[in-house]
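The data blocks that follow each hold one structure.
Here come two complexes built around chain A, the first alongside chain B, the second alongside chain C.
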Partner chain A sequence: MNLVKQTLASLGTTLRIMSYNKVGFAGFLMVIFIVLMSFVGPYFIPLDTVTKVDKIFQSPSAEHWFGTDHQGRDIFSQIIHGGKDVIVVAVIAGVLSTLIAVTFGTLSGFAGGRTDAFIMAITDVMLTIPQLPLLLILASLMKFENVTSLGVLLGLLNWPSLLRAVRSQALSLKERDFIEAARSLDLGTTHIVFREIVPNMMTYIIISLALAMTGAIYAQVALVLFGLVPFSGSNWGVMLSLAWVRGAIFFKDSVWYIMMPIAAIVLLQLSVVTTTRSLELVFNPRLRSGE
Partner chain B sequence: MMAHIELQNVSRAFGKEQERVLAVDGVSLTIEKGEIRCLVGESGCGKSTTGKMIAGLLPPSGGRILFDGKPIDRLNKEEYRAYRHAVQIIHQDPYASLNPVQTVKQIITTPLLRHRKVSGSQQAYRRALELLEIVDLTPAADFLDKYPHQLSGGQRQRVSVARALTVDPKFIVADEAVSMVDVSIRVSLLNMLMRLKNEFDVTFLFITHDLALAKYFAWEGAISVMYLGRVVEDGPTPRVITDPRHPYTQALLAAVPEADPELTHRKRRIALRSADIPSLLNLPPGCTFHPRCPYFVEGECDVSAPPLEAISEGGRVACPVRKDEHVSLLIPS
Partner chain C sequence: MATTFDATQLPVEAERKPSRAAGFLNSFLLRRLLKALFTAFVVITLTFFLIRLLPSNPIELFIQELMVQYSMPYHQARDQAAALFAIDLEKPLILQYFDYLGGLVRGDLGTSILSPGTPVTSFIKRFLPWTVFSVGLALMISFTSGVILGLLMAYRRESLLDHILTVLASVLSAIPNYILGILLIIWLGVRWGVVPVAQMRGSLSPGVQPGFTLAFFQDALFHAALPIAAYVLTTVGSWMLTMKSSTISVLEEDYVTVARAKGLKESRITTAYVGRNAALPLFTLLAISIGFVVGGSVLIETIFQYQGIGYVLLQAVNRRDYVVMQGVFLIITLSVIFANFFADMLYSWLDPRIKFGAAE
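Now for the complex of A and B:
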């Protein structure tokens, strides 16, 4: 009971701090809205799969809010159903790459010596390989059964630049006086790394996480658009790809088919990126002007 | 009586080969329990490095440091822990010595809880309040939820002291602890440190570049004067201040401004032969002060490094030429 109360209290404080930045908080609410829409929405709004020849490429109307596609199906329901995959891939890829970068970047900066040299050698090799061509080759060689494996692949490719940044921050932080004071107080290496060093990098890490997630969204949409990932069903990337192939861009009424998934992707990216403004306040007390 | 901290011929070098800098060169010091020892010298003379070696934050590259008679690199795990907790350091820069993302409460309760100085967060909270009151941060409850950037330099420095006190230290290395704080609150900080010494029986190594501060803080203690990595003179504070023997100590004292203009006027000026400090990368042979020393004797000072020799008035002087010469820094009016 007590633990629940404490968790709720700290959650409340966090939300209050986040609300100091209006733009960031709006982004945060938008993220929640998109996530709810994509994960809960499908239970309420069925996916329209019936071909209606008389209704192809309609512009938005009261009946079809976002218009219809090349087979006369409702675009709105496709948007609702198409967000889940995109979000799952973005979260898996973003969290995985950030986790790798923070763990090994801090280790590299803090341990130094051979550990550092080894980790940096791998990182430098990874950095020299161009990402998109590598992704294209890998995607054509591997079969993606599900979205999870795509997320893991994107995550495994995306950590090197963040790792270098984290390492250099750890290198500069570990020389600071308050780290020396912690050593002098015998607080232990685990405490020094996770309680003193990492919290000081959190602002940077959280922004990098947001960027890694938007990067993963782009990468997966690109893969689907190139037709290298044979996803079926509804997915903002698949929609974009289909709309492009069907020439939706050429007609005034059909252009909605291509604009709607783009708008959804852009809105998701924008809200994720603006949310970092609020998260900055949570992790860097200096930025809070609300107090 | 066994010395609390003893340095035996301790050296510390940084860098490799051509870039090698000998920051501390064969320093021997003994500090007794309950003593206040001041380490004085200009920037780059190795006083902070010495302090860090004593605090165990930097291993010496030569010589040994003894804590209560035992070399600190030979202590077993339990003894090392005791030493680690007994010796604490207070840093110069109050803006860098506190973690900017932790509240005062976190900063102070973390070591308390980790080392089981208290049981439970309730007790930690009460102890934190007590510690803040000891360092004159009152009302203490107002400070617990503050972040370092919401405090002034003097308040931060007090938090640093309170943090050091969490582990019940016996020996505090105060590394220029008041030099970055406003002059107006320096005295109250010094008085607070002095009170700690008397109430908790803490031994102090007070590192400063300011002889006036050393005089104020350590009048009952002793001063060691360092120049380019070596101790050139030490002794009881009154003797060193009123009857300095080493030409470098004399030059330092002559440079201290006096509040009384009449006194300043009567002060003897020491004319150094050169105003520049030699580079640590390229130290002069013999006594490192000889290129600047007004009493330079060719063929003697520039040949071999003079040893520290005891003088009858108390302390040691590393200058065979001038060690028995009494120089008054005031011109008789």
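Now for the complex of A and C:
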């Protein structure tokens, strides 16, 4: 019981700190809302798959909140069902590339010498190759049957700029007095890395994670939109792609079909980015002193 | 402790000391040039082995395709594939690699699979200039306006203008560039009908001849306007925000206070003292931005049907024209490497400190 109370209390404190930044907190609430909508929503709102010829391209009404698509299907239900894949890919790719960036960026910064030179040489080459063209070519050579493999590929490509940021952070931390103090006290590498360095880099890690996730959303929707990943079913990228191909942009009532997935994608991007402002406050106490 | 007078003299002395040859060998630019050449070499090697070693490599896929589509026997399909990719499949891989390198040196990138007889280099000659033109112009517009607006935001901190521009910058940089392109077409082109999107397709109107004529430049700008708008709108936000925070920290520097105390004109302080120094860190970001915008050109050019090299790449990917894919990808990457090197040169010209110091 005590543990539950403690957890709730610290969760409460965290939320209170996050709410200091109004914009960031709004973004955070929006992320929660989109995640709940995409993962819990499908259990309550069934996906409309029935073609209704008499209801093609309708504008929003009480019956169809977001209007209907080129086959007369309800767009609202597609939006509810279409977020899950996008979020899963973003999280897999984001976590993977952050993991790579943090591990090797810290290693590079602290080890220095040849290890550093080697890691940075690879990073610089990767950073120069334009990601999207490479991704397009890889997508044409490989077959992506599922969401996980796409997420892993995006994660494997998206780390270089994050790694540079983490490395420069590690380089500046290395010279700080408290690390020197921990060394002279002989606290051990594990202690220094996990109790001194990682907490001090947490802000960067969290921001890196958010940026990697938005990068993954950008890339995966692009791949689906241009038909390079044969995903079917409901996915915001697939909806956008279909609406674009079916000429939904040309009629007043059909514009809803293309605007809804656009709104969903942009809203998700924007709320992930703004959430970082609140998360900064949680992980970097120096930032909240003014409040 | 050195006196202030000596400290200001020091960098000038350091500049004169090393002989020209030694200075060149250690120079920032030479190191950058070597790095660029190394990167180019890695990319060339990577492209070759990616095409040849992947389990479903394009040559095998192409052989399979020929066998299925034209019911060719395996060796005939293989010969045809070898001819098109300009690769001798009988040789050991390492020798094939040297052949490939030799071809590159002679400017031979192979021949298109789907448009037989068309060398990849002719695609590049025809389509690359349009991408360089539109992307280059967009980067310049975006960078300059981002720097000016960021400076303005830092000077008018916490004003209404600052808040509006901050929100605008954050929202714009969160929108993927191809989605912004679609939005421009939907609203400006179709719904409000302000812009004739259909006429703006392609890179030039039919009948307009390239040359140093006003009509040509007008037409080129007309066709590039929407892609440029999409690049600028999606990148200007991050320039604005970076410039703003950079300016705020420069404004607190002592030399700005000194300049004010000396009674220099505010306009001179803004341009020569604050603006120039605050913009410096942005040049290091220019390299990353070039890669991102050039990569994005694949999508933007396809959305607007602007016939640049990105458009050709996506067409080749969709039609599985591996020879064109390989060649165009290589050229795109090499141009990014070149652009990065150019950005580095610009940076070292603007900030002479990095030529000598270890600061990078």
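Keep in mind that, in the parts below, the second predicted complex is superposed on the first by the 282 of 291 C-alpha atoms of A that agree within 3 Å, B and C clash if a C-alpha of one lies under 4 Å from a C-alpha of the other, contacts with A are read in each partner's own complex, and residues count from 1 in each chain.
We adopt the following convention: contacts are C-beta pairs under 8 Å (C-beta built on N, C-alpha and C of every residue); 3 or more make two chains touch, one makes a residue touch a chain.
For clarity, every value in this text was computed on a predicted model and none was experimentally measured.
Peer 1: Sharing chain A, do chain B and chain C clash or fit in the superposition?
Peer 2: Overlaying the two complexes on chain A (C-alpha atoms) leaves chain C and chain B fitting together cleanly.
Peer 1: Who does A:63 touch here: chain B (first), chain C (second), both, or neither?
Peer 2: It touches nothing on chain B or chain C.
Peer 1: For chain A, which side has the bigger count of touched residues, chain B or chain C?
Peer 2: Ranking chain B and chain C by residues of chain A touched puts C first.
Peer 1: Who does A:141 touch here: chain B (first), chain C (second), both, or neither?
Peer 2: In the superposition, A:141 contacts chain C only.
Peer 1: Identify the partner contact of A:221: answer first if only chain B is touched, second if only chain C is, both if each is, neither if none is.
Peer 2: It touches chain C, and chain B stays clear.
Peer 1: For A:186, decide between first (touching chain B), second (touching chain C), both and neither.
Peer 2: Only chain B; A:186 stays clear of chain C.
Peer 1: Chain B to chain C: minimum CA distance in the overlay, Å?
Peer 2: Superposed on chain A, the two chains' closest C-alpha atoms are separated by 7 Å.
Peer 1: Kindly list the residues of chain A that each of chain B and chain C touches, one partner per complex.
Peer 2: No residue of chain A touches both chain B and chain C.
Peer 1: Would you tell me which residues of chain C are touching chain A in their complex?
Peer 2: Interface residues on the chain C side: 35, 38-39, 42-43, 46, 50, 54, 56-58, 61, 170-171, 173-176, 178-179, 182-183, 185-186, 190-191, 287-288, 291-292, 294-296, 298-299, 302, 310, 313-314, 317-318, 320, 325, 329, 332-333, 336-337, 340.
Peer 1: In the complex of these two chains, what residues of chain B are touching chain A?
Peer 2: 52, 55-57, 81, 84-85, 87-89, 91, 93, 96-102, 110-111, 114-115, 147, 149, 160, 163-164, 166-167
Peer 1: Using the touch rule from the top, collect the residues of chain A that touch chain B in their complex.
Peer 2: For chain A paired with chain B, touching residues are 176-178, 180-188, 191, 195-196, 199-200, 202, 283-286.
Peer 1: Can you list the residues on chain A that touch chain C in the complex?
Peer 2: The contact residues of chain A facing chain C are 121, 124-125, 127-134, 136-137, 139-143, 161, 214, 217-218, 221-222, 225-228, 240, 244, 249-250, 252, 255, 258-259, 262, 265-266, 269-270, 273-274.
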